[in-house]
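The letters A, B, C, D and E name the chains in turn, as written, and every chain counts its residues from 1.
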């Protein structure tokens, strides 16, 4: 953890990451109801919204589309990831070097760590290299901290999520992205376990506007510094509207109710 | 994905790759009916046809034969591959470094990725290195994107082929080579899943002229930017004739019927 | 082993390491009764005590907190470690390079070796690199020498602890941190097995003041050059008081009784 | 494959390699009847025969004995090999770097590839490095192409030997050394499968003069460019005599009968 | 093998290596009857005897003690080794780089190879690097050539020991250290299998003066160039006396009887 409040991916101490690596991690199935979103440009357009401090994509999409958006979008290059065709123990291939990410214009680096996987040791060592390379380029590092694998059944239990944020702090991340542990108290504990490191909530699969916004509200109140979200934005009919609402909840710390009312 | 329309392996936005790595991947059995084709010169001769934008071979054949054809043929060096004596889970040895491929005169790099194999993570990391080395040399990268391995029975199902093209896009290929998913609609979806990245259909085992050309026609109509073909050209008695027909289907977007008629 | 008596982590030939890597190794569970200690600053404050010659933390905590304490605390960067979510055979990821540790300002390097683990050979080779890199930076190396793994049931048997200190000596550590082998005689043998290399006792889980101090007294009398302690200091209500007492036992070689009396 | 007709290991387009790596691959058992041949000097003396274009040995023997023979013998450094104490799946350790081989004075490099072994992929990647390093030093590469391992029972079947030569061509060898496939026709097919790459027959275990020479004659007539032989030369009482005969069969393309008659 | 007769570890063509890596390989158990020998200085003192041409230790002991003895003792740095807490197939961690060994002042390098182990291939490749690095520093290499592992029950059978010395020769060692194969004839064969490379007998566990010396006498008569010995020297009450006797047997080629008589 180094000071990143002056980094482009932070706005007023908060962060809203729009993620679009689902084509790799989940495959075309995530686009079934929104086939037009197979075109990454559509999501980059959405990412030009002021609320979005960074767009998270894999190398190939960054190479192909970021040149058209580099003035309007901050790039968070997610440097590892694996298809769900993979049948082995949880693991994630490092698909992009930090040097190349920097060359493409990345403003930050993203990395998934599966704590508890039989590949945890190997992934932690890959994280070491990625984190230290990122330091060379003065790039913040966001850890997708997702404990899972042999022996970990329910990966959103409070103690697991607090362990997840702590792993981010101990190993040198600047922001940890974790799943919501189910309650405001548990989220608060997870944020405390992170010390001064920032924690963002993972958006998860698509839910109703209210349910989604009130979870974000609870997370922010519990100390989260924002959100990393994909499907709950770009699978919606009107991504701009939900981003307007998220902007109010995250940056203005308004309630979900107030934010919804103001943006409907 | 980077812009490759000005690359030598693209002609009018289209691509026709003549592949001849069967001696490695399949062994002498593919030459049983055409033993004279064991001599790679014969196929290089065929590759001088205007319709062919690149010839795909392994390092050894490039070293030995390309010097005689470098004025007339563009070289796509396939940098990985494995014999079918291999009994293990799907994998592919990296047989050539990109630096050496460039030294030999390669105009593009080819790489097989078996998504879903127990070696997927390792292969994706090898692809990372190959792709980034290719960027250093300004060489386009063609991914043979072939999901297969434990848990993947039918590897030409539409959702598998769309995942295959998407893997190419996400991981940074410039062209993905995939099997025909069985219908024009499925091919169209696979091309959409690739965003702006080019998709070429894999030629597969030898079929009749009409069957072959009409599949190519369907693929091109569905958005494919061309074909990568081996046996359906060089196992034929008259490779020039089928290339004449392919030229019409791919570059002039004529029907299979018209192309056949014009070239018979 | 090289001469380290002039190193900042040694005071009058003795060493007291305050360790706080429990957030990684044990997880939030170790903070259940002292949630305020989730904030690493609180332990760094404790480490400013004169008795403490070094504070042992992982990379992320060093990066985030050491800049505020570098004038008052010596940094021992623990370069490997693994979460207890890990279900595999005992192993430890190398989370920090020695070069980066030096850049952060480390005064010494810490490394865990699980002798007897099925990863022993691999860990010993990682230790080689770490130790030789540390020599380049003139940094002392502390080995957490913890035999455990397949076939090792009771890892505090006298012969195991003597083997543990000897491994430190043979492989090139400057200090070995080992568990107390249960008796003063066994500790004396373990110190003899270390030759001229320093041995520090591991603090272990929290016990009563008297029990803890008298074990330290026994260890020091047996030849140990000090202590590496975490929970027995920072899980206490008054860490300063126990450090006052430890200072007397370790540096002044007073009895536990005398030290307790003087500090209560 | 690059042009090697001007290389010292080729004479009039032909090659006769005298191999003596049996001490590593087979152990002292191969010397039971000829214990004096345990002294490598004896075989180097034999290698000074004009018929021999290269002597193939491992690093240690090259280091120790080649300095005395460098004016009279061409050195083929066999850079991998494994003892038959090895009980694992077919594999071969890379015992010498190409740089060091060149420093010792090697005129060519030898490498074993076990196609079909569960180590095929790994060996092919080691071959890549060796082959490309050899190119840096302008050294020809001879592949001992020996398909064997799980699933390959009879490794001299015609289709296996043709696959073996083809592997050499595709992967970038300059000469492939293969076992005789049992018939002249099969050998001819194997040579055709190699394209313009040279093929040498493997000498195998000791047989009668006539049987041995007539197999060589058949191989040469079928297109082989020579022989790599060990036991059939140095296990003989009079190695010079058999080399005289081989010279006639290989370079003068005489029959086995004529060669035997002329040299007896 | 390179000429090493002028190396400091050779005296009149003979070698007597005093080894003290038992603290790593066997653990404190080897010191049970001689606890004072846990202090490596005691053995370094012994190594100042004129008969000793080199002292073999691991990195840590070399670092810590050799500076006091560098004028009187030649250092053989044993760069690999593993504790007997290790329960896996025979293997040995490379604990010291050759560069660092040279920096510490090593006069020679020692390396264990377990031929026949499932780690043989990996160890042979580690040996390659060590041997070639040693050549850069002009340091002789001693191979502890110990066939053992899956399928090798009795590792002192004559054919195994002859294979062991041959492995040393083929792979590029300058001296092979092997167990005594049980008879003078077998030892003679093992020395012949080594060609011009030197062979030293391994001392083994402690035996009577006469038994020990007469085995050494037999080995020297059979062609061995000396001895590598640990316990049979430093576990004795009077190491100097046995070294006096060994000096006569090894360098003066006296009988065990004569040597014993002269030194008692």
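Please note the rule applied: contacts are C-beta pairs under 8 Å (C-beta built on N, C-alpha and C of every residue); 3 or more make two chains touch, one makes a residue touch a chain.
Everything numeric in this text was worked out from a predicted model, so none of it was measured.
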Q: Walk from chain D over to chain E along touching chains and report the minimum step count.
A: 1
Q. Which angle of rotation, from 0 to 180°, maps the CA atoms of chain B onto the equivalent atoms of chain C, to the nearest 5?
A. 145
(Q) Interface check for copies chain A and chain B. Shared numbers divided by all numbers used: above half gives same, below half gives different; which is it? (A) different
(Q) Centroid from C-alpha atoms only, then distance chain C to chain E, rounded to Å. What do you get? (A) 36
(Q) Taking the mean of the C-alpha atoms as each chain's centre, how many Å separate chain A from chain D? (A) 58
Q) What are the residue numbers in chain C that touch two or more other chains? A) none
Q. Given which chains touch which, is the overall layout a line, a ring, a star, complete, or other?
A. ring
(Q) Applying the stated contact rule, could you write out the chains in ring order, opening with chain C and then chain E? (A) C, E, D, B, A
**Q.** Touching residues (chain side chain D, partner chain E) in the complex
**A.** 21, 23-24, 27-29, 31, 35, 38-41, 58-61, 63-65, 81-83, 85-88, 91-97, 100
Q: Can you check the complex and tell me which residues of chain C touch chain E?
A: 1-2, 115-116, 118, 120-122, 124-125, 127-128, 131-132, 135, 147, 149-152, 159-160, 162-163, 166-173, 189, 192-193, 195-197
